[in-house]
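To start, the structure itself, in structure tokens.
In order of appearance the chains are A, B, C and D, and numbering begins at 1 in each one.
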Amino acid sequence: MADKRPVLDVRNLRVEFPTRRGTLTAVDDVSFQVGEGEVLGVVGESGAGKSITGTAIIRLLEPPGRIAGGEVWLDGERIDNLTAEQMRRVRGKRIGMVFQDPLTSLNPLYTVGRQLTETIMTHQELTETQARKHAIDLLGEVGIPAADVRIDQYPHQFSGGMRQRVVIALALCVNPRMIIADEPTTALDVSIQAQIIKLLKRLCEEHGAAVMLITHDMGVIAETADRVAVMYAGRIAEIGPVAEVIRNAKHPYTEGLMGSIPVVGHDLARLTQIEGSMPRLTEIPTGCAFHPRCPKRFGRCDKQRPELMQAGASRAACWLHDTAHAEAAE
Amino acid sequence: MTRPGLLLASAALMALTAATADAQDKVFRYSTTGDILGLDPHNNNEGPTNTMKSNIYGRLIHRLPDLSLEPDLATEWERTDDTTWIFTLREGVTFHNGNPFTADDVVYSFERQSQESSDMAFAISSIESVNAIDDYTVEIKTKAPDPTLLLNMPNFYIVDKEFMDENDAFEVIAGAGLQNFANANANGTGPFRIVEWVQDNRVVLEPFEDWWGQDERTDNIDQAIFTPIGNDATRVAALLSGEIDAMYPVPLQDIPRLEGEPDVTVLQGPELRTIFFGFDHHRDELLDMPGSGENPFKDVRVREAFAHAIDKEGIKRVVMRGAATPTGLMVAPGINGFQEDMNEPYPFDPERAQELLAEAGYPDGFPVTFDCPNDRYVNDEAICTAMVAMLERIGIDVTLNAQTKSLHFNKIRDHDTSFFMLGWTPGSYDAHNPLQNLMTTEAPGSGAWNSGRYSNPEVEELSVQISQTVDEEARNELIREAFRIHKEDVGHIPLHQQALAWGVRADTVEEVIQRPFNDIDLRYVTLK
Amino acid sequence: MQNIETTVELPAAPSFGARLSGNIKAFLDGDVFYSFKRSPVTIIAFVVTMILFFCAIFAPWVAPYDTYNIAGLNLMDAFRPPAWVAGGDATFLLGTDDQGRDVLSAIIFGLRISLMVGFLGVLIAAVVGTILGLISGYFGGWIDALIMRIADVQLTFPAILIALMIDGIAGAVLGRAAHAESKLAVLVIAIAASLWVNFARTVRGSTLVEKNKEYVQAARVIGIHPILIMYRHVLPNVMGPVLVIATLSLAIAIITEATLSFLGVGVPVTNPSLGTLIRIGNDFLFSGEWWMTIFPGVALVILVLAVNLLGDWLRDALNPKLR
Amino acid sequence: MIDFIAQRMIQAVFVMLVVALISFSLFQFVGDPINNMVGQEATEAQREALREQLGLNDPIPIQFVKWVGNAMQGEFGISYRMGKPVDQLIAERLPATLELVFLSAILALAIGVPMGVYTGLNRYSWLSRVFLTISLIGISLPTFLIGIILILTFGVWLGWLPTFGRGGTVDLGGWQTSFLTLQGWSHIIMPAFTLALFQLTLIMRLVRAEMLEVLRTDYIKFARARGLKQRSINFGHALKNTLVPVITIMGLQIGALLAFSIITETVFQWPGMGLLIIQAIQFVDIPIMSSYLVLVALFFVLINLTVDLLYYAVDPRLRIERPGPAH
């Protein structure tokens, strides 16, 4: 991973939802970076705050949610304090987003072509015909046959997989530097998933775009991501190179997570299971959020919240790796 | 699409009268609820339409605003014997299209108006024959001695024989209808001629320069425009905004406000129409008392009780705001045969009413449905609602059925009612008219609107005699006797004469003479 | 195969009372009630609607005078201005009308008829209209064509003619007395007949759109009975527009009732409804007795306003997507 | 598509026949025209002769068949009240009502849709609250009250507008139009606004309800994620999706406008079909009533046809399925 300035640099991001039952902290002090051409996987159980983080970065949070703290830098330029109009110009042009359900992501009443040309012409000074030609190329690039014919067809005339390809085309049509893919394959069946993932990876490399791939499917992560961040209860439990995190997880939660993935060829009698379930945002335990379910918890885990600490090639937020204090007495 | 109803008689006349509409400045715009039904004088027997006819057509005799009679196309007349009259006609009179007026026109008009399909046949039903003695004298023979012939003459309209024959318009098409020539075109000898009639929109009239009475003309109108406006409030607004110069009827409740306006005056006066209530005298069992086998209204004491239950003064003061004249008779003052001393209404005496009901065997009353129109007479629905309160107070269980006039008249004609409200203006301004139509059933052609089928043998006999007694003195005696019996019988309960209310712009109109029948005759309008 | 012993301890079925209070408690702190608490406008609308309903139901006890006891009316009291105006009389707070009826009591009694006819009419129209709309939208084919053509036939006749016809039939079928009693029923049917089409067409339009959605086709694939599909899946998505039309139709229903009563088909003028009060008062509006139509008019505006604001809140609250 | 329209036309004929049959069985309840056609002094014999001549004594089915037979040859009978052929009368009055309904529909759309979009977009702004409340007042006051208030304010008090009637019309080959002269406009503006007021409220509230739902959809979120201009999102993507249900209502409302126009025309003395049918009902003018009802039936079928066709134009998803009788 070239050690250049990261495309995306998220520092201590906090997202809160003030509700009548008290303020919910959906994303609690999250920091990470994504380099050029790099695919950062973001995994975790549903409700861990993966999508919220993605939505916050592109500033599409539904009220009452709001960014309560931290900074978001894109190509060395801060974007979390932009005005609405400035942010609008960033969206699509410099950050692209792919949503989960292709069926509802496309406007049913507009042809695929119109939705593409409209996006293109919003950000680039192109004429109608140039934009249309660019759109056709893009559709071809994402693997849609007879693109020049299909461009004038409506979303409901495409299959699920094809529609996701159109969505990806839309996300990439003005060469954004950053792509946030929020569960892009979840709504698709397995055979199509692989194609979409391969397509996404290829396009990002060709366009040099950085990708934040949000999913709960570890198989997709293993195949696609360069680095992976494991989120738990709104926090990053562990982040590091994908092989490292998968094969020897440093954080007990990651261990449990990896253990629950059936791997072809290994005849595990029983998959490891993590007792209990993720805490609701209103009842986040003190100290390390995972401590109630953590088999290796000890003294200080429930009192003090661990920061991300270097643990081998990756970093984990777990006192097990607190080399600095080496088991200082409680 | 031809313009509907081009009304000038012929292009020739157009050239004659140099005056065109816009050159004048004295334009009189007036309005009432509905448009005229048609221009065929021998058809469309309805208030506003009859008055429009009197603007356009001549009659042998004309009725003045004070109801007295005045020579029109006939200069003098005399009765040679019980059934024969000789009329001397006016000379030098021309129709609007220039044709001269002669006795032949009178004979032709009689034959046309007495056709079966003519709505106005009733006015000359007593005439046997009309024949021309010479160009300017006519002899009229009646079937039997008819004391009311002269009174009916203002309803005998004279049309131009040549004009009608030219356009083959002898036949009167029954029912209001424009598609025949006579109903769409007018050619009379009257003081005004029709310039344009766009149905339901406007009627434009202009003075007829060659009218025989041109030099003593009382009006100074250069053009009159009549536009119907159905909605009361809109019509009041049109008067206030000056878009029209006169309109009627003014809703009673708006009179004080209009009188407050500086440039609007309100003319008020009693109308010849008498509003009354009737009972079902005929059925053995009252419609509202199935299975009881009784009809309380057959007992005069019950009818009298109803009469005493009605607070006529209260209705006059509150519902009609003083604009009504309570009456005790079925005819209004000014109608031939009206008896002033008998006009005393039944006194308002609820206690007496309850005593009478008890005597008649109905101490705690009985159920009855009260049928009323809600868009025909002035404040009709409000009067009926007030009546319900008064009758309930003496124990009668009244269900009010107030409906639009077409539904109400439907029930009245079919005698499908127990207790009803109705209004009547005698077409011939003579007392025999209500006797025949409302208070008798036996004589041929009588009882048309006698929904309760009230019939008293003596009144039946008197009615026939009245229709044949020529001597005025004797006839009035008979009328007096008939009304006395009817009043004792409480055949109907007369309520009041409703009042006319005309709104007139004081800044554009000098004077309009109001007549007891509710329509504006252009002759009596003078502009500023 | 190792059979898995699952001895799961089922909690004893809660008594009805417990379940009910449970539901109420769940409702009270649920989001629907929360959005209600938060918007003052909705609270006011709710309170006003309840007051109006209370007055309508308990009219004889609430109203100072019993305006339906015709004998009690005294013609001499007519045209009294409201109490605070010169010539007003404290006993008639809002003045009296042309028959000497106390306007305040007349409004309360009138409200009873207008509300009954209005609500019943709109309710029947909504139920019938929605069902027919669902069926015609969902099944399509000749059923749809048939229902829509019936709608066309019925749309042609203004409410006035429908009412005259129904009243005529009722008159012919029922005896004279029964016919008088049936006036209210005739009114409700006539109003419902003239309003159901609005619901049917809107529901049909929305059903057409919903029908193509995957979740409906999915439900159809796994063999759920069409009626269940319509009820559980399509109906909730259609409730939004239906509620809008229902609350708006109430105003139409009340005014239509007044027109029908004028034609002698509705309620007799001796016990006037709110609409009839406005109609009668309308003639006196600019002739000085403004209160005869203004106060019933204001009452109607308040009623319609309250009901519609309540309807707006209900629609937004019930619609999961909008919260 | 052609066979779909043809099929609708067959259905139209069927609907019109049913309407004619119902109307003939209806007229007996509306009253007896004879009373209105002859004077009070007409004798029973005259009335009977007239009833015979008009064929009112025939049993209803006969009257219906006779009427349909004549109608086939374009003979719609003579109006009892006005004595003119019914088709000529309707041709005279139709332009007045069509122009009134057309203008009020435009007014309702031109004001209702933007207000609906505005209240949909900024749901909690005080202006939205004001719009919602005022519109409610608009629909709860009866049409005749609103009409009178307008007449007295602009006609009498301010004197800017005429208080009644339809002046300043220009004859375009038989079609009297009010739109070509200032005076024509001064006559039509108040009735059109009175008529539009109710539709305006309904459209606004429906557009608002639909807009709120559409703004929450994924494709709008995706559009914003693509950085499209707010205006094109609201008025392009969102509004178009909002229009589908609104079209149904508009199609329906044009029908309701016809019914409402009856009251508005009576108040403003507007010489249109509404005034014609009210006078016909009061006069029990059977030829006019039957022709009017059948004509309105045709209107509704055509309006509904256009609404369904508009569905295709606006919602491509429907276009794919064979446009057979299903829709």
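Here are a few things to note about the model shown:
The rule is short, and it goes like this: a contact is a pair of C-beta atoms (placed from the backbone, for glycine too) under 8 Å apart; a residue touches a chain by one contact, two chains touch by 3 or more.
Just so it is clear, the model here is predicted, and its values are computed rather than measured.
Steps from subunit B to subunit D, minimised over paths through touching chains, total 1.
Centroid distances built from C-alpha atoms place B farthest away from subunit A.
Taking each chain's centre as the mean of its C-alpha atoms, subunit A lies 55 Å from subunit D. Look at where the CA atoms of subunit B average out and do the same for subunit C: the two points lie 47 Å apart.
Centroids built from CA atoms put subunit B at 92 Å from subunit A. Between subunit C and subunit D, the centres computed from C-alpha atoms are 24 Å apart.
In subunit C, the positions touching at least two other chains are 212, 282, 285-286. Residue positions of subunit A touching 2 or more other chains: 156. Shown for subunit D are the residues that touch two or more other chains, namely 30, 148, 152, 281, 315, 317. Listing the residues of subunit A that touch subunit D in their complex gives 58, 60, 88-93, 96-97, 99, 101, 104-110, 118-119, 122-123, 154, 156-157, 167, 170-171.
Subunit B meets subunit C in the complex at residues 232-233, 236, 251, 253-257, 287-288, 290, 311, 314-315, 318-319, 369, 374, 381-382, 384-386, 388-390, 392-393, 398-404, 407-408.
Subunit D makes touch with subunit A in their complex at residues 217-219, 221-230, 232, 236-237, 240-241, 314-317, 320. Within the complex, the subunit C residues that touch subunit D are 41, 140-142, 144-145, 148-149, 151-153, 155-161, 164-165, 167-169, 197-198, 201-202, 204-206, 208-209, 212, 240-241, 244-245, 248, 251-252, 255, 258-259, 275, 278-279, 282, 285-286, 293, 297, 300-301, 303-305, 308-309, 312, 315-316, 319, 321-322. For subunit B in complex with subunit D, the residues that touch the partner chain are 1, 4, 37-38, 44-46, 116-117, 119-123, 173-180, 183, 199-201, 227-231, 233-235, 237-238, 240-241, 243, 375, 404-407, 409-410, 413, 424, 427, 433, 437, 445, 448-449.
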